[in-house]
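Note that the chains are named A, B, C and D in the order they appear, and that numbering of residues resets to 1 at the start of each chain.
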């Protein structure tokens, strides 16, 4: 059974169904959209159950010729990491639809268009993680920009057009760098046994270290823009500020993961030597991202921008974990990707509810919400605790794994990165204090607390955050084999304890 | 090691209580406090049951573990969620659940008028669960979960009345400073894993023998940083005074009896590291000694009764840290002082709460006076605690504090003499400021505000105070009689044998009592003979001014960390927009600018195009000219 | 005589024609200047033909003349049309590319 | 003339004489083309340059081209130019002041650069090379030689060029053909239009020119009752061409209006 194709087709069917629905019946449109995403989520979970944990090979593999004359295949397959990310994406999609029930109103286009875009985006989110043909990956990678562009530019707030264009240009710039590298790979593959875009085949290419370095940079810059790594991050705060909360969740929670996922899937696999060459630089950038993002987050006055900067800090952790080249770092980074999706989703969704109720995203406009809207305040607090990686929250496990994994090989980087956890306390607690604590500021007296729909939407997110905080094994068991495999392929093994032990 | 299946209930019961109360919301307003108290009490009884089991076993069989599930397992980094109860943790379990339950009972009445009482109890239960996890975790990482868990509970409880901005700030300050300490713990765990490949207590203990001293010193120092954060030790002590923003029962439970002593637990638990890392151990002693004096000096100048007690707590924990830093002989005495302190300081805090309860939540001692007649029970229990903290025989403090002073003197060499003198001096200052608190609060003339109508607290409040007072009186004797506690704990520590005695116990006790007498006498002269002003006098010496400002700790932090940090943040925010994003926008502007500049060429006049063609032709020919040269 | 002199003459005439295209505004004069340039080129062709002792150059010049004739016919027709609609033969008035 | 030129072509010295007389003249004529105001003058100067070139062709052993040059260029093309000038050349007096800022310096610099570079290149390229001469290939006659090439090697381009000529002829006809989009307005419509145009000044039609007794010429304006010239009475084409007499000379104030005997 072609599980992955099925997963990709299901949202498309939903979007086609939406397309034939009348534009006026917005409620029906939303219900169909929710139903579609729920079906996809169910299908993904059903697929995940069938995943063989200890098998390091790609699973659910499909391969059909697409453009045979160029050796381009429609090839899909998942390893543990991709599975986890697809799972995250498909769980987030219904949450976003349900949580942002009303955010599609007031856009440039109809409500129907909004959900069609969301569903099309979901198809691509699945495809981008599942693609094993480099060309297919590239096509989806770039095609994803289109629905997001329209989601930001058409349904956002503030300077949404400018933000959307900035996002698009940044991403396109990176994408074109990657395209150049992909073409170079294709050409080289022709000289070494037949033109192909197959990831596994391309990873066997022989190339000089100079070539490898250049091609690596092409891929890496694309991913570093996506994942936003300092100093390529400035599109993210603008985009997050302007986008609707639901879009922001998909943007930061899923799309940006393509960057870190790509670093693992493509940079490490295709260019192992170049990855090692650039590791010192990347680690420094990652550490800068962690500290820089955190400090910038502290200095923000706008709630959405603040969350965006916390994400830059978190992406620094993920990148650090990836390039630490230890199984703890890798597994931590992979788990971090999953957890970050949910903790950012929680922050953005609750923040979005706060903003839509108050009509302002400036933090100082809030105040005393704890007394007026206790449930919403608690949810924001919990989301914040997840973001600062409080033990007991899922993000703690991943963050600590990244730090421990990094420390065993790069102690200095890990030590500096650890200062990020103090800054995290500041960037979460300052908005918590300003928005939730203190006396009620004028204009906030009549805000309503979360309604049932919102509670239903946020509950699974919170449940996942807390349950995985105490019991991350289901995910770690899926990720670990892939981690060990990748690290071993790169010729690394975990540093042994310096003084024996055990 | 023996396994048990019932350890988890110690934590699960209060945790469940917390979860139920928080999730049920206002529906549980009526019965929430009762449920929380009952669950805390049942956890205490589980603890007692475990103690009875433990006593029934031989020394080496006493520790029990319970593996709950595999928590994190990546490569060689394998952490089980498992609990371990040994002789050390059972002391804490009983202290936490025992004092905790008493404070639950006290709070039922104390918080009865607060609309959010249910939430308060939920947090208290959450704290109990986290603190139990802290002392029951069998690895540093499990401990870390509890460690931050109590930080969270402390944050929530300090900021319980967070509608007041100052209180909200206090809670944030506590959390952030604790996080700095937590960072130390993170570092310790990372170093331990990198050098030993394990972070469980048993694993590290085993590996400590063949690990380099440098690594052990690193771990030790980082553990000390963690301890200074959580236990409000120098230099991370500044949050404790502000933490008094929380309701008084919280101050009693968290910021006096239990959470702040977690640092002592951590150092004692990590004895195998400190024993092998003398440098770290020396630092522990230094930190303890500094904080001891620091807290005591602040205590002499505070007019806020809770802040005076908080300063005293800081000072007393300094004693414990100092004791723990003295090595194998000191651990048990540190723990003993911790336990007795838990009784008398919790009792005194509850007493302070009782006074506040009767005085319209007034905390300024200068507005008290002559409360003895109106609050006899409070006076009696507070007084017993007072005698205990002074170290007057046969009260609890006498046994525990004198042991630490004695051990300090006997730790050998100049270090011993210095430490001994510091601890003695500390005892004297303690006597001074505690006497000051007693005199200002309970004796002399009344200096109340007009609307104050002091009255004794209801029985739900004084009963826990009374029980704690009994503990203050008896616990010292019970724990030290026949070296009960020392023998109980001895299997955990490496015994280095007896050291030469510098001063005999009798001499030390005599000296200590003399210092205490001097301190009491000065306080009497200063505060009992003279009138006490209801408003704090301003024409005081520079030393008093500095002490009133907590020895400038906040000013120091603000000047050295906060303001530069804020400046850095502001600069970076501007830089990000101007430089990094500016560069990006600059590229856009260059493209736009060159576009509009080149647009000028497109005049629409054929002749200007012709001129351009001519120029192009000239350029082309010039190129040919150059190339063919 | 040195045949190169014809080439210099050709270059000079071509340059003058080019300047004329740029500086004159009357479309007909501009056209004549273009013809001048073509003629200058033709002179070069003929001279090359002589230098190389080969008639190909002359044939090319012949073709140039034909094409120039065509061009003149069409170009003048365009000028007439423009004049008819704009009542002006100034090429500056026909700057529709801009406005 | 042809014979003379052909003779000149054979011998170096006369050719030089011819060249050094005609070349400066043709350059001066070309420059004059740029500098004169009237397009007609330009056309005449152009014709001179072309004839000079025709002579050079003949002198260089290309009598066929020389003849064609005279016939096609000076005869047909230049006549076409003049014809069109007559048709549209009402504003043929061209102002030489430059309206596009900075264009003239650019043109001059460009010209100097272009000319200088060309000359310098030519000097380099042809240095030390002697002309072969076309005497050998013209042995059978120049026309025959060209015909041989045209109808063998270049037959295909020749055909294409003939097609081009036809197309150009058709194209020019299409372009020049004036297709009326609307029906011509009738007198009645024009009259209604005049009355509705807002002002009644022209309702009765424009004044006729020069009908004030003495001057019944079309280039003399009519005089208004106050004695000033009526500009509207002159045909716009005449005005544009500058062929209007100064009307002030005919104003009442300056003209002797006393009746006198013609005889």
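Quick note on the criterion: a contact is a pair of C-beta atoms (placed from the backbone, for glycine too) under 8 Å apart; a residue touches a chain by one contact, two chains touch by 3 or more.
Everything numeric here is computed off the predicted structure, so don't read it as measured data.
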{"item": "Selected pair, greater C-beta contact count between A-B and C-D", "value": "C-D"}
{"item": "Central chain (by mean CA position)", "value": "A"}
{"item": "Distance between the centres, which are taken as Cα means, of chain D and chain C, whole angstrom", "value": "13"}
{"item": "For chain A paired with chain B, centre-to-centre distance based on mean C-alpha positions, whole Å", "value": "37"}
{"item": "Inter-centroid spacing, chain D versus chain A (mean Cα positions, whole Å)", "value": "73"}
{"item": "Rounded Å distance, chain A centre to chain C centre (Cα mean)", "value": "66"}
{"item": "Per-residue multi-chain contacts in chain C, two or more chains", "value": "18-19, 22-23, 25, 92"}
{"item": "Residues of chain B engaged with two or more neighbouring chains", "value": "603, 605, 607, 611, 614, 617"}
{"item": "Sequence positions of chain D contacting 2 or more other chains", "value": "100, 103, 106-107, 110-111, 114, 118"}
{"item": "Of chain C, residues touching chain D in the complex", "value": "1-9, 11-20, 22-26, 28-29, 31-33, 35-36, 39, 42-43, 46-47, 49-56, 58-59, 61-63, 65-74, 76-81, 83-84, 88-90, 92"}
{"item": "In the complex with chain C, residue positions of chain B that touch it", "value": "602-607, 610-611, 614, 617"}
{"item": "Of chain B, residues touching chain A in the complex", "value": "22, 69-77, 81, 141, 144-145, 147-149, 152, 159, 162-165, 168-169, 172, 175-176, 179-180, 182-183, 186-187, 189-191, 193-198, 203, 207, 210-212, 215, 568-570, 572-573, 576, 580-581, 584, 588"}
{"item": "Partner chain B, residues of chain D touching it in the complex", "value": "100, 103, 106-107, 110-111, 113-114, 117-118, 120-121, 124"}
{"item": "In the complex, chain D residues that touch chain C", "value": "12-13, 15-16, 19, 23, 26-27, 30-31, 33-34, 39, 42-43, 46, 49-50, 53, 56-57, 60-62, 64-65, 68-69, 72-73, 76-77, 80-81, 84-85, 87-89, 91-92, 94-95, 98-100, 103-104, 106-108, 110-111, 114-115, 118-119, 122-123, 126, 129, 131-134, 136-138, 142, 145-146, 149-150, 153-154, 157, 161, 164-165, 167-169, 171-176, 178"}
